[in-house]
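Chain lettering (A, B, C and D) follows the sequence in which the chains are written, and residue indices restart at 1 in each chain.
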Amino acid sequence: MALTREQIAQRVAREFKDGDYVNLGIGIPTLAANYVPDGISVMLQSENGLLGMGPYPTEAQVDADMINAGKETVTAITGSSIFSSAESFAMIRGGHVDITVLGAFEVDQHGNIASWMIPGKLVKGMGGAMDLVAGAKNIIVTMTHADKYGNSKLLPECTLPLTGVNCITRIITDLAVLEIRDGAFYLAEHAPGVSIEEIKKKTAGKLIVPEHVPEMLF
Amino acid sequence: MALTREQIAQRVAREFKDGDYVNLGIGIPTLAANYVPDGISVMLQSENGLLGMGPYPTEAQVDADMINAGKETVTAITGSSIFSSAESFAMIRGGHVDITVLGAFEVDQHGNIASWMIPGKLVKGMGGAMDLVAGAKNIIVTMTHADKYGNSKLLPECTLPLTGVNCITRIITDLAVLEIRDGAFYLAEHAPGVSIEEIKKKTAGKLIVPEHVPEMLF
Amino acid sequence: MSGFDKVVTSYEEAMAGLQDGMTVIAGGFGLCGIPEGLIAQIKRMGTRQLTVVSNNCGVDGFGLGVLLEDKQIKKMVSSYVGENALFEKQLLNGELEVELTPQGTLAEKMRAGGAGIPAFFTATGYGTPVGDGKEVREFNGRPYILEEAITGDFAIVKAWKADRYGNCVYRHTAQNFNPMAATAGKITVVEVEEIVEPGELDPSQIHTPGIYVNRVIRGTFEKRIERLHVREEA
Amino acid sequence: MSGFDKVVTSYEEAMAGLQDGMTVIAGGFGLCGIPEGLIAQIKRMGTRQLTVVSNNCGVDGFGLGVLLEDKQIKKMVSSYVGENALFEKQLLNGELEVELTPQGTLAEKMRAGGAGIPAFFTATGYGTPVGDGKEVREFNGRPYILEEAITGDFAIVKAWKADRYGNCVYRHTAQNFNPMAATAGKITVVEVEEIVEPGELDPSQIHTPGIYVNRVIRGTFEKRIERLHVREEA
């Protein structure tokens, strides 16, 4: 069975190591913060200028001057720091953020990602995504393996305008975990109940399937 | 009579306008702070990261963490700000400092300045001088008009390695005030008791002498 | 120190000199930390053909969005826009031009503009439409693109507190683009919640030194929240 | 949050991993705001062939000057040096190499190194020996030179206070080059006067966010004054 959004988020959270500084994009990536394993602490960076982002505020805590990169009201943890956008992106661009997790429309076997623009549709902008994929040490993409028509989103070459080149390290989809290795998707794990055949069918890019592909544990 | 150091400093101080942010080099420029005219306030920038430098400290005020760009103990005025070297030079390089006053070995009629390096002698470095002359809006050089052998320091072309190119606006010497205009030294004022002839003799670069050259008032 | 007293008491004075066709750099992220009264003054002035450099363009009827109503904006330089229907309409009509710029590049362009750095290399945007037509150069085996600085005729900034000399501090994430915007305007105007006397702010804790600031005005702020997200009490 | 506790208790741990031939970026301006204990540890370790990036090189017997005694420094990247006789001697001997860099360019190179900007244009040094061999380009009719970023294997930094997560604040003008140095080290070590618990520093008033910091150690400081200048009481 394909993973739920929550399961993808749960799997993402297992990528975190104790002490990681992590930037989570809107959507499934943000959910991953709810599944950080026991004994592991991560500090969340929000690119509008907050290191040590906390949970959403209670009614009483709401403060218009405290928002996240998604423009939602938010809180800060004890020991956080707050700074300018230039400082925030200095941090990101300079490779100080350990992990960035973000969604995408497409990725390809070269580690390219397309996540911000569909020609012919209104383009709202890239926000901080291009900076994040150019800067973080470890870029993880979360998305469904295929679109609603069954078309693969893991391609030989992205067809949409790119967000970044040769930058993603790992893709966590509803069907599998894949790594970018030597110009191919390397199948690292399959979702419970999802066959290798299905993954093969829904991966348009070059796929390397090792002899033993572990099943994700939940 | 050639001006004393104090008189040069006094003349420099008349260049200040109310509200100017001013960076003063070591030596005579620093003395100018003592002669700011009544009704005029300037704020002193020290390039190690202090805007609103105050007088030297009393014995009781001495603090090793509060120094100026000359590494001397100093104080800060009420309403000062203290920041990093990057911020300090962002301010300087970005043209936010109104006036920089500094000494020099030589200047030339193109507004070039040489102030940091004499080939064959030990070179200690340019410190912040190259940034200052590249950044401030108004660069004033103070120096003696000629060296101790009577050789002019106002040249057609600098002979020493430069600190900055085409940057100085005004020279205040012990004999005269001169402006850089169209590739020449324009004689704006002469010191009391100093003849135009003496200034002509001690200015090796092209000198423009207007019909009436006012005498500096003290 | 009267020459350093930056405080003005009317919005007319605050924005005096703004003219058609000028470039205005605005602080703020979404609706957080925006100079509400200065934006309202630009609307009152009716200045047109403006290029506005700001991460976003507000929403319908609030923030920079109000400047769309009378078509005062010719061009936006932003990382993310279109939270408002009017914006979308004018963009599709061709009445409004947008230069999309990655958020970090935008912040750095403003900082560079204020810091006398005319251009810098960044990996951000290489190989994407953002890099089209820009110089590419390798450093240590990685390709980077050359991005140029941004400066404005005006910068409009929202701070929490400022003293009379223009020294500013920002509150929480309302800091965002404001400090860089403050450095990059030929005339920088800061609208604040509170004006304090020199000496009330700790010199080592000033976010924007007064040297960058030309005018300070006390405003009142609605501080509209764009996306209220509240959790249940535990 | 144990993964974020950066505090170490010995200088051995603080400088563990430093090896011959490495590049060390050091904060400080003259003798103000220098990581005295970390410098002493490098001296104890006897690490050699170091490239040291620091605005100055201390004085005879204090600050970075002590690393000259056993010829541990191969090259200095500085804006102003030679306050010490030993420095002068080694320089004239050819035992020591110096790369003189304008002070503002040096600060910006460190910042750029930490911020993922591999190179930037500046007017500073154009037409001078500093510009020799560097690319020149005009922007808006003015010539600028291209300067490249600096990063270090280690950065050694002196802060006033840090919390366990590595968030730092600096005191007065002891800030100087320290915040930029902190961003530019592969391993950044901060020596502080006081370690506080997370939450004791105001989040909006942190000079160096902990993300840049790998290790924090509490030191004791002599804080020698280079040029004592005192005025008479009025």
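In the analysis below, contacts are C-beta pairs under 8 Å (C-beta built on N, C-alpha and C of every residue); 3 or more make two chains touch, one makes a residue touch a chain.
Because the structure is predicted, anything quoted here is derived from the model rather than measured.
J.: So which chains count as neighbours of both subunit A and subunit B?
T.: For subunit A paired with subunit B, the chains in contact with each are C, D, in label order.
J.: More C-beta contacts across A-C or across B-C?
T.: A-C
J.: In angstrom, rounded to a whole number, how far apart do the mean CA points of subunit A and subunit C lie?
T.: Taking the mean C-alpha position of each chain, the two centres sit 29 Å apart.
J.: Rounded to a whole Å, what is the gap between the Cα centroids of subunit A and subunit D?
T.: Chain centres of subunit A and subunit D, defined by C-alpha means, are spaced 35 Å apart.
J.: So how far apart, in whole Å, are subunit C and subunit D when each is placed at the average of its C-alpha atoms?
T.: One centre to the other, that is 32 Å.
J.: Using the touch rule from the top of the page, what residues of subunit C touch 2 or more other chains?
T.: 108, 111, 115-117, 122-123, 171-172, 175, 203-204
J.: At least two other chains touched by the same residue of subunit B: list those residues.
T.: 76, 82-83, 89-90, 92-93, 134-135
J.: Tell me the shape of the graph of touching chains, choosing from line, ring, star, complete and other.
T.: other
J.: Give every touching pair of chains, nothing left out.
T.: A-C, A-D, B-C, B-D, C-D
J.: Give the list of subunit A residues in touch with subunit D in this complex.
T.: 17-21, 40-43, 45, 51-52, 76, 78-83, 87, 89-97, 134-135
J.: Subunit A touches which residues of subunit C in the complex?
T.: Within the complex, subunit C touches subunit A at residues 29-33, 55, 78-83, 88, 91-92, 100, 102-108, 110-111, 122-130, 160, 171-180, 207, 223-233.
J.: Can you tell me which positions in subunit C touch subunit B when the two form their complex?
T.: Answer in residue numbers: 1-4, 111, 113-117, 163-165, 167, 183, 198-199, 203-204, 206, 209-212.
J.: Taking the touch rule as given, give the residues of subunit D at its contact with subunit C in the complex, in rising order.
T.: Within the complex, subunit D touches subunit C at residues 108, 112, 115-123, 137, 139-140, 142, 144, 148, 169-172, 175, 202-205.
J.: Along subunit B, where are the residues that touch subunit D in the complex?
T.: 46-50, 55-59, 62-68, 70-74, 76, 82-86, 88-90, 92-93, 112, 117, 122-131, 134-135, 161-166
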